[in-house]
Amino acid sequence: MKIGVFIPELIRHLFRTPATVDYPFKKLEVPKSFRGSPYLQPELCIVCRACERDCPAEAIEINTVKEEEKIFSLVIYNDRCIHCAQCVDSCPTKAMQMDEKFEISNFNRHNLKMDWEFVRAAVKPKAENKS
Amino acid sequence: MATVNTLIYLIIYPGLLFIFLYSTFVEWYDRKLYARLQNRMGPTHTGPSGLLQPIADFFKLMAKEDITPERADKTMFAALPPFGLAIVSTAMLLLPVWNYSLEQSSLTSFNGDIIVLLYLLSLPTFIFFLAGWSSTNLFSTIGGARVLTMLFGYEVPLFLAVLSPAVLADSWRLAEIAAFYRQQPALALVNLLGFIIALICVQAKLERTPFDIPHAETEIVGGTFTEYSGKKLAVFRLMLDVEMVVAAGLIATVFLGGFPGGPILGLINFIIKTLLVVFFLSLIRATTSRIRVDQVVSFAWKYLAPLAVLQLLIVIIVKGLIS
Amino acid sequence: MNFQIPIGPQHPALKEPIGLRITVEGEIIRDADIRLGYNHRGIEKLAEQKTWIQNVYLTERICGICSHSHTTCYVQGVEKLMELETPKRGLYIRMLISELERIHSHLLWLGVAGHEAGFDSFFMYVWRDREIVMDILETISGNRVHYAINTIGGVRRDLDELQVKRILDSLEVLRRRSQYYLNLGTTEPSFVARLARVGYLSREDALSLCAVGPTLRASGVPMDVRKDDPYAAYDEVPFEVCTAGTCDVLGRTVVRIKELFQSYNIIEYLMKNLPTGPIAVRAPRRAKPNEVVSRYEAPRGENLHYIKSNGSDKPERLKVRAPTLGNYAATIKMLKNGFIADVPLIFAAIDPCICCAERAVALIDARTGQEKIMSLKSLKELSLKVSPTTTRKREIEWPL
């Protein structure tokens, strides 16, 4: 038992810069591998629907717009997304990627929806493997 | 002219406006210091370095909804906060900073004003007890009971510690006590023990860690203030700030030689010395954890009271040696 | 004069909703009663409608602080069901994350204990140093709370040389700071006065009331799943099971700080002996009909998952027994004859995770002890039958 064991530590920190950051005015950087929100690179998507099947939050929806012209639409409901990046892992062509945004709150959940309409990419996983 | 003077004296300086501004400044100082001791930033946004944050908090609380519990004693519940603020503001006027002269006694500086000041500082404790009791909430009632239990612990050591310098100075008037120690600064060292005891007791009186038991957030929610909201809570918070200034002023007067040098130098002295005392109070707050109410009483009677008596004995012996 | 204080479901000392009804006599507690069910989310039922891989992320969300514990426990079970051999490197990374999680959880607890005792400076400093661990976890896994590093058959992200070096460097700082907190926590008089001889739980009581984790170890019982039934590669790693003999909140604090040092040693060993090779194997989408029980030593104690498969791509049943549930019975024992002021400390000392423990609701008749299951329809009928006739009785009367 000692009285005031904490005082030296406290006084030492009195003249140091604080460990906290003045947040909304100054921001810390997130690491490179940060899992933000998922986004699609439509030129790579082959519509295998692996992301739609594996998404635990059912936040990805793939619809057929015009069957004969191979036009599809992919919707990411970011309000439901749990940012687990399973879609990135499931994607065979790396069409799904994660960004590094962390301030994505919004007053309306529908504003978080993202959608793409695109022509299905040609299947070429074997050619990629060789090169 | 005299009426205008009195009005200025009561409302602007050193009356309500000055008390409001200075006590909020002291709250900011305390918060900032506490934050810096913990390696945090503290208030930063409102005003330069967050200087206006306590005032912003005060006005925000004033604008909030004010709820009175159904079963509470409504008159008492509403009357207590302004009453408490009035008491501590009156006590502020008794500090020998403004409008006093050593030669003749006046309404704000007279023989025995140290007793009146101590009495006025005891009243807020009863205000808190009544506030807890009249709001009829279970947590408030426990808080009120804890306020009184603690009072039995720290009140006697505080009185002994504050009165022993008065015994040495042979006066019951704050201005004279301060003047005595200014003339013989060496004698102020005699009261070092009393100074420490008084700091601890004032910490308990202001209900700050380690003695924040009556409103221990994690135990009994808001304690005495659980049911208070809006304007009443704002006034109570202001009252606690003013009480801190008064208590710091009392310690500075009695132990640190008061505030000499006329209206302007005296004010600067007052600010420096109260901030020094508040620094010690903040340091105690940051260093310790909250103790239990039974531990407060046993600590006060096992250590503080005997030490206060020892201080009184030292003072009596020194007084005998001098004369 | 006895009266009841309701602590919770909303109370500043509780971070999650739980009801503690405390009968007090002055400041002394005579009886305590825990009421659960404020935070039931139906996760087990939901798990039956998700595929094996989706459930990894679902089990992660059982708890925020021990998110890795629940996924690891689940994934180990599923790997056993699917008869997968997880690669060594994958297991080592999984263990690394679980030890980092233990460190962050224990540091968090230490801070919370300081806050509950009104020692806010201690709280701020401990949480500042906890940021080091949080940052490491963020760089490894990409997130601070839900690491999502586990997948069936291994882990999802690999470590590189730079990260290994960073982890080893920060261990130095963490060791020094933990030693400081150990000294501070056991010498600061006002803090020790709050912790010592509070919440006494004897060795016999701890065993008979089935306490788990640091609560049990602080009563002098060296029980740890990592030692008794090693999972992953814990049988290769040298470490000790920390115990304390004081049986009080101070003992639980000391046990947790000592475990921090063990975790630092484990991490150092893991990083120095990190095997090369793949980090995961491909998992099939279906599992053969079977059942499995998986055990895991979470920071709060033993975590247990029971998984049953029926040959489809979804589990038939997932049952979670979170560590906090095992400590509730002991908590009531600890609370009795204490002070009101000690309630938050004693309750916090089991490191409660309430949403972890809220698994199922069963109706038990208080007189006969008979369990029954009610359908939603009959519940509605019952509430309609009860509410129009009886007026709501005030449960707490003004006692004075």
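The first chain written gets the first letter, and so on, giving A, B and C; residue counts start at 1 in each chain.
In this section, a residue touches a chain if its C-beta (ideal position, glycine included) is under 8 Å from a C-beta of that chain, and two chains touch if they have at least 3 such contacts.
Worth saying up front: this structure is predicted, and the values here are computed from it rather than measured.
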Measuring centre to centre with C-alpha atoms, which chain is farthest from chain A? B
Of all the chains, which has the CA centre nearest the overall CA centre? C
If you average the CA atoms of chain A and of chain B, how many Å lie between those two points? 54
So, in whole Å, the Cα centroid of chain B is separated from that of chain C by 44
Quick one: chain A and chain C, Cα centre-to-centre, how many Å? 28
Two-or-more-chain contact residues of chain C, please, as numbers and ranges. 121-122, 125, 128, 188
What residues in chain A touch two or more of the other chains? 6, 10, 19
I need the residues of chain B touching at least two other chains; which ones are they? 37-40, 286-287
Within their complex, chain A touches chain C through residues 1-3, 5-6, 9-10, 19, 30-31, 33-35, 53-57, 82-86, 89, 98
Any idea which chain C residues touch chain B in the complex? 3, 5-6, 11-13, 27, 114-122, 124-125, 128, 188, 190-191, 193-194, 339-344, 396, 398-400
Of all residues in chain C, which touch chain A in the complex? 50-51, 53-58, 60-61, 121-122, 125, 128, 131, 135, 138-143, 146, 148, 151, 156-157, 180, 183-184, 187-189, 192
So in the complex, the part of chain B that touches chain C is made up of which residues? 37-40, 71, 136, 138-139, 141-142, 209-210, 212-213, 216-221, 286-295
Quick one: which bits of chain A touch chain B in the complex? Just the residue numbers, please. 4, 6-7, 10-11, 13-14, 16, 18-20, 22
